[in-house]
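What follows is a set of structures to go through.
Both complexes below contain subunit A, partnered by subunit B and then by subunit C.
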Partner chain A sequence: MSQLYNAFTLFLSLLVEAIPFLLLGVLLSSALLFFVDERQLISKMPRNPLLGSFVGSCVGFLFPVCECGNVPVARRLLTQGAPTSVAIGFLLAAPTINPIVIWATWVAFRDQPEIVVFRIIFSLFIATTIGWIFSFQKDPRPLMQTELAKRVINRLTASSNRDSENTPALLRSGTFLLAKSGTPVLMEEQALAATLTKNKPKTFDRNKLRLFLDTVIQEVRELGGMLVLGSAIAASIQVLAPRELILNWGQDPITSILAMMVLAAVVSICSTVDAFFVLAFSSAFTTGSLLAFLVFGPMIDIKAIGLMLSIFKPRIIIYLFAIAAQLTFVLTLSYSYFF
Partner chain B sequence: MKKQFIDLYAIDRAAIIAILTLSLITILLILGGWFCWGDRCLIETGPKVREFSWQDRIVNAEDTAFVLKFNRPMSRESVENNLKITITERPEAEDPLPGKISWAGRRMAYTLDFPAPYGNNYRVELQRATEKFQGSDHPGKTLQPFTAEFKTPDRVFAYIGLEGKERGRLILYNFTQQEKISLTPPHLVITEFEPYPDGKSILFGAADRQVTKDGFLEQQLYRVTTGLYGGDKEIAGQIDLVLDNKEYQILKFDLSADGSMLVVQRVKREEPKDAGLWVIRDDNAPLALNNPPGGVFLIAPDNQTIASAQGEGIALLSTQPDAEPLGFFAQFGMVLAFTPDGTSAVMVDFNRNNPDLLYTRSLYLVNNQGREEKIFDTKGSILNCQFDAVGDRLYCLLTNLIEDVNYVEQPYIATIDLDSKKVIPLTTLPQYQDTHLSLSPDTVGLLFDQTIVDPQLTEENILRTNSGETIATGTIWLLIPPTSLDEMDTAPQLEELPFIGFNPKWLP
Partner chain C sequence: MKKLEQLKQFILRLKQKNPRPQGKSKKAFSFKDFYTKILPWFDVFALLNWGLLMVKYRFTGQLQLLIHPNYFTLVLITGIVLIALSGIRTWQLLKQLRRGGSREPEVRHITIFPPGVATALLAIAAIAGLIVPPKVLASDTALQRGITESLPFTRTQVQSFTSRIKPEDRSLMDWIRTLNAYPEPDAYTDLPANVTGFVVHIDSLPEDYLMISRFVITCCAVDAYPVGLPVKLPSTRDQFPPDTWLKIEGVMTTEELNGERRLVINAIDANKIDTPSNPYEF
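== the complex of A and B ==
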């Protein structure tokens, strides 16, 4: 019974920690949709796969969200037609490569600045590499869940219509949009229209605000559900496989890295505070394994897998997980051996 | 099956290739540690020392501890048992640097019991230590052998020469290299000097040899390079003027413990009433402190306070201009020395207000909270005291009053244990005419001088004792006290050094 209580407490603590960031991410992603001309933004994204994934990895500096907040933004980037490399780079690196997380890591590991430096370097390297690997897939739709892929299709269709007619005024027809508000497919269209109107003389548009709120609510509903599910799974695993058990696996440089990676995935702690969490293990573990925790945790954890399932097909998540895990292992073990 | 393969998207192919490639690299990394030839492996997988804080450094008496940083959690026992420190030239010397070990995570600190003796090269070796992870009961991989070296500075002291061409010049003698050089030019006669804490230069007061009238009052302050401690030997003896005496005559000066501040007592030539302390920070222009006039003074190690004899007490003055005095010890007449950490000082109470102890002097240890602790009373004089590097022992120049036909004061050098307050005489001296004491930074040797005055030598205007008599000649002595008070049965070694001079001072 006490295990159930523990699981519930852990579940709640994970939720309480994550929900503000999820909300922030949703607000940011919705704001991105309505207040930024995504056509301009996306047209400025580099098309070169390596450069694209690197730029995507660094965008986190503009959106200081942790691993729950980056999912909505990455989702939005993908549905708006950003190159896959940019969206994947952002998804993997944004939780680490942002000012809040870097500062928190620095505060925690002031006496070991190499941890801060290598956390940034490894995260950027891994996110850029995986972004580059994903850039081989030019059409993002096969990666995505069917529902989400449809939105992309609609967006693409709308975009082609727009291009052929080259008359954005047509899309500014208010009555048409209002009549269809509330259904996700058309909301994208409305959003697009709202952005397009933004280029015209600025007036306060009540419709636009409503659309913004509608989008926020819809995203919170979709992603919130996944977060609850992910947190529940993470809490159950933590109760069934306590931290001590995982930590005891660490008996040499290799197993200590593996143990820390498993711990990172299981505890699902937010990247803004994970440095303080792992500080407690700094005397008993190698710097390499601490780095493994700090690099791998923000990319992949059980709670975030739930959220990712709202974007990607399971097979794609397995690829992400496997390549991120392998790269983390190779980089941090090399660090343990050669530094 | 074939159809399925065709259905694979580009991402599937790219991801599978990436996963396979990374698996191969992972296997190579893991197996790399297994391919070994003799001592060498394809990949060295053992733990190693990441940082040794004294690596290839010159370590002086202020360095009390070194830190070894490992890249893995270590078996503390195996590290402590296998850590070996030796003197490179005398590997047979057992445990030359005893100390205490403490741990903080993967860092080990080794705190020396006493400063590392000077003039040696040391080697730190660690082999056969093993890693130990929290979850593991058995020792892990063996440390990659670690060897590092550090050294202590040469034993060097400076003195004012008294013989032939050396007379009045600053002479530097390197005990370790057995080299002697004159640092200052023949035309300058040194009055007083103080080495900077890095030992790379020496501050000195000197007057021109041709000065006839005012003698030492014509001194100016200079700085001379020693060419030691990483400095180039070639640049030894380069002089620059720190403070001239055009407007003000320089009476006394003191250099702060960190060398960043200099306090000078000056008097205006045109207006002799305008006398007082001036502070010079980092070679900036002197600032008048505008304190009431006083006598002998010392800068406390915190650089905030000056202890100055004023009237019949000791005033604590601020080193900031125009500040109010920080305190006044009416009871004490003299401050002799501060502990190295600056928290306490030894002061002399002349017992003027205590009829029971009239003509008795008392030595007190006074801390910065104002707590006074009497160390001992004597009928003789307390002339000079110095703390050892740790601050728990004092070396003092004292006198005994021999109440014979005449009252005669017999000078002697004693060591005082501040815990037990035990005064242990080390040697008696024939005379105490302005005897100067200098304890080596590693506390191994005590230098002192014995000067001989000659009232007939009237042409000498500068090299005079405090009582104004001309110093004719002088000898320099080295006293090596026993290392521990328990060994006081073994007589201290006393040696007359083959130098004619006075005021010997060890360099830091």
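== the complex of A and C ==
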């Protein structure tokens, strides 16, 4: 009973900490929808897969969100027709490659600037590589949850039309395609249509406010639901598996890295604060394993897997998880070996 | 991976329980009514509850049982924004009702939740939070996480480390900080100690020893990290069961415990106190 109560407290603690960041992410991504012409943003994205995923990884700099906040943004990018490589690069790198997190890491590891530098380099490298790998799948739809994939369809048709005719004017008249389709007109598309026809992204009328609110509430509801599930699982694991078990496991270069990666996935701590958390282990663990925690944690953790399930099919998340884990392991091990 | 599979199974089961409506329902109260009329209010309800929960935590002080004070303002603002969102939504829905026009069905872009389930999860979590207060983490968690004298480096450490505090005024946390800066136990011999914390019984220590402990929070209760010092009691520890909060007065000595030289508080006086309202250190 006491265990259950502990788990419940941890569960609430995770939620109270994560919901503000989730809300911030949702507000940012919804604002992005209304104030930024994503088609233009996306059309400026490089088509080259490698460059695309690298640019996607750096886009995080524009959105200071942690892993609870980047999922709605990544999802939006995908449904707006961003290349898979850009979206995956963003999804994996944004929690680390953003000003707040870099600043926090620097504050925590002032004495060891190499940790800050390698955290950035490794995260960028892994995100770019995985984005590049996934770019071989040109059409993101088979990777995504069915309901979400349906929303991409219209866009792709629109964009292929646009590409074939190659006239910028058509960029603005994508609306008729949407009206023709039998399904109810998606609200983002209405919003986008409004922005595009007026072609003044900064205007803000009452109708748009309503749409903005609709989007925010939908996203909060849906991602919030996932967050509740993810936090419940993370809290139970925390209570059931003693942390000592994980710590005793790792003293040498290899197992310490593995232990820290497991810890990162289990603790599910927000990337804005994880640097302070991991400092607690800096005396007992190798620098390589601290890096593993800092690089792997923001990409994959139990809480974030819940959120990612709102974008991708489970199989894809397993791939992401496996590749990210292996790359983190190899990179941080080579760091321990060479430095 | 197993968890993921379980989650998938769970969601599948949910889907089977709540099949999406196929076409028109013949019942008087159709699914469409449910989607268009009830669900929006359910959303308002869930958002409002979360907003209230956050504001309540902030003003009852329970928030410090959950997260670091640095985030208090963030949580409060989030609570207010959530309440405002539900307020604006209510106003919209009322306006629609007055106009009499039913709202066109909201676009379903639920990915894995059937409609209503996500809202229900949010609402249940918030209501549970409103009813059941958060718990102060206690000795079971401390033992599980492994109690130590070494300090997790918290954000506040850099600013607040100072040895200028008089020994008798140092809190348990101050002692731990001092000990981290200069770990030789002999340096502190015979200094007066006057600390509060909760009792943890450690089996490997002799009968008349207990650990006086505190949790340190870096970010939120999830990363609460127990620190503590051994206390040598004049009698056995049985009179102070685990989780009792104590005010210990004594002097510092060095003892050899389990083959390790450690700083120990030689207690002259130990008094039970109530659980403080701010049980964690930051």
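Assume the second predicted complex is superposed on the first by the 300 of 339 C-alpha atoms of A that agree within 3 Å, B and C clash if a C-alpha of one lies under 4 Å from a C-alpha of the other, contacts with A are read in each partner's own complex, and residues count from 1 in each chain.
Everything that follows uses one rule, which is that a residue touches a chain if its C-beta (ideal position, glycine included) is under 8 Å from a C-beta of that chain, and two chains touch if they have at least 3 such contacts.
Note that this is a predicted model, so its numbers are computed, not measured.
J.: Which term applies to subunit B and subunit C once both are placed on subunit A by superposition, clash or fit?
T.: fit
J.: Just checking: does A:S334 make contact with subunit B only, subunit C only, both, or neither of them? Give me first, second, both or neither.
T.: The answer is first: A:S334 touches subunit B but not subunit C.
J.: I'd like to know which partner A:I305 touches here: subunit B for first, subunit C for second, both or neither.
T.: second
J.: Considering only touches as defined above, state whether A:R210 meets subunit B (first), subunit C (second), both or neither.
T.: After superposing on A, A:R210 lies in contact with subunit C but is clear of subunit B.
J.: On the A-aligned overlay, A:L143 touches which partner chain: subunit B = first, subunit C = second, or both, or neither?
T.: So A:L143 only meets subunit B here.
J.: Check whether A:P314 is in contact with subunit B, with subunit C, with both or with neither, and answer first, second, both or neither.
T.: Touch status of A:P314: second partner only.
J.: Quick one: subunit B or subunit C, who's touching more of subunit A?
T.: Counting contacted residues of subunit A, the larger count belongs to C.
J.: For the superposed three-chain arrangement, provide the angle subunit B-subunit A-subunit C between C-alpha centres, rounded in steps of 10 degrees.
T.: So the angle at the centre of subunit A is 70 degrees.
J.: Where does A:D252 make contact in the superposed view: on subunit B (first), on subunit C (second), on both, or on neither?
T.: Only subunit B; A:D252 stays clear of subunit C.
J.: If we overlay the two complexes on their shared chain A, which of subunit B and subunit C does A:A31 touch? Say first, second, both or neither.
T.: In the superposed model, A:A31 contacts neither subunit B nor subunit C.
J.: Closest Cα approach between subunit B and subunit C after superposing, in Å?
T.: Minimum over all C-alpha pairs of subunit B and subunit C: 8 Å.
J.: Let me check the overlay on chain A: which residues of subunit A are in contact with subunit B and also with subunit C?
T.: 247, 282-283
J.: Which subunit B residues qualify as touching subunit A in the complex?
T.: By the definition above, subunit B touches subunit A via 9-15, 18-19, 22-23, 25-26, 29-30, 32-33, 43-45, 50, 71-73, 104-106, 131, 133-136, 140-141.
J.: Report the residues of subunit A in contact with subunit C in the complex, numbered from low to high.
T.: Spelled out, the residues of subunit A in touch with subunit C are 2-3, 5-6, 8-17, 19-20, 23, 107-108, 145, 147-148, 151, 184, 186-187, 210, 213-214, 216-218, 220-222, 224-226, 228-229, 233-235, 238-239, 242-244, 247, 267-270, 273, 276-277, 279-280, 282-283, 302, 305-306, 309-311, 314, 317-318.
J.: Subunit A touches which residues of subunit C in the complex?
T.: 1, 3-5, 7-8, 43, 46-47, 50, 54, 57, 63, 65-67, 71, 74-75, 77-78, 81-82, 85, 88-89, 92, 104-113, 117-119, 121-122, 125, 128-129, 132, 134-135, 137-138, 140-141, 144-146, 150-155, 218-223, 225
J.: For the complex, which residues does subunit A have touching subunit B?
T.: Within the complex, subunit A contacts subunit B at residues 133-134, 136-138, 142-143, 247-254, 256, 259, 282-287, 315-316, 319, 322-323, 326-327, 329-330, 333-334, 336-337, 339.
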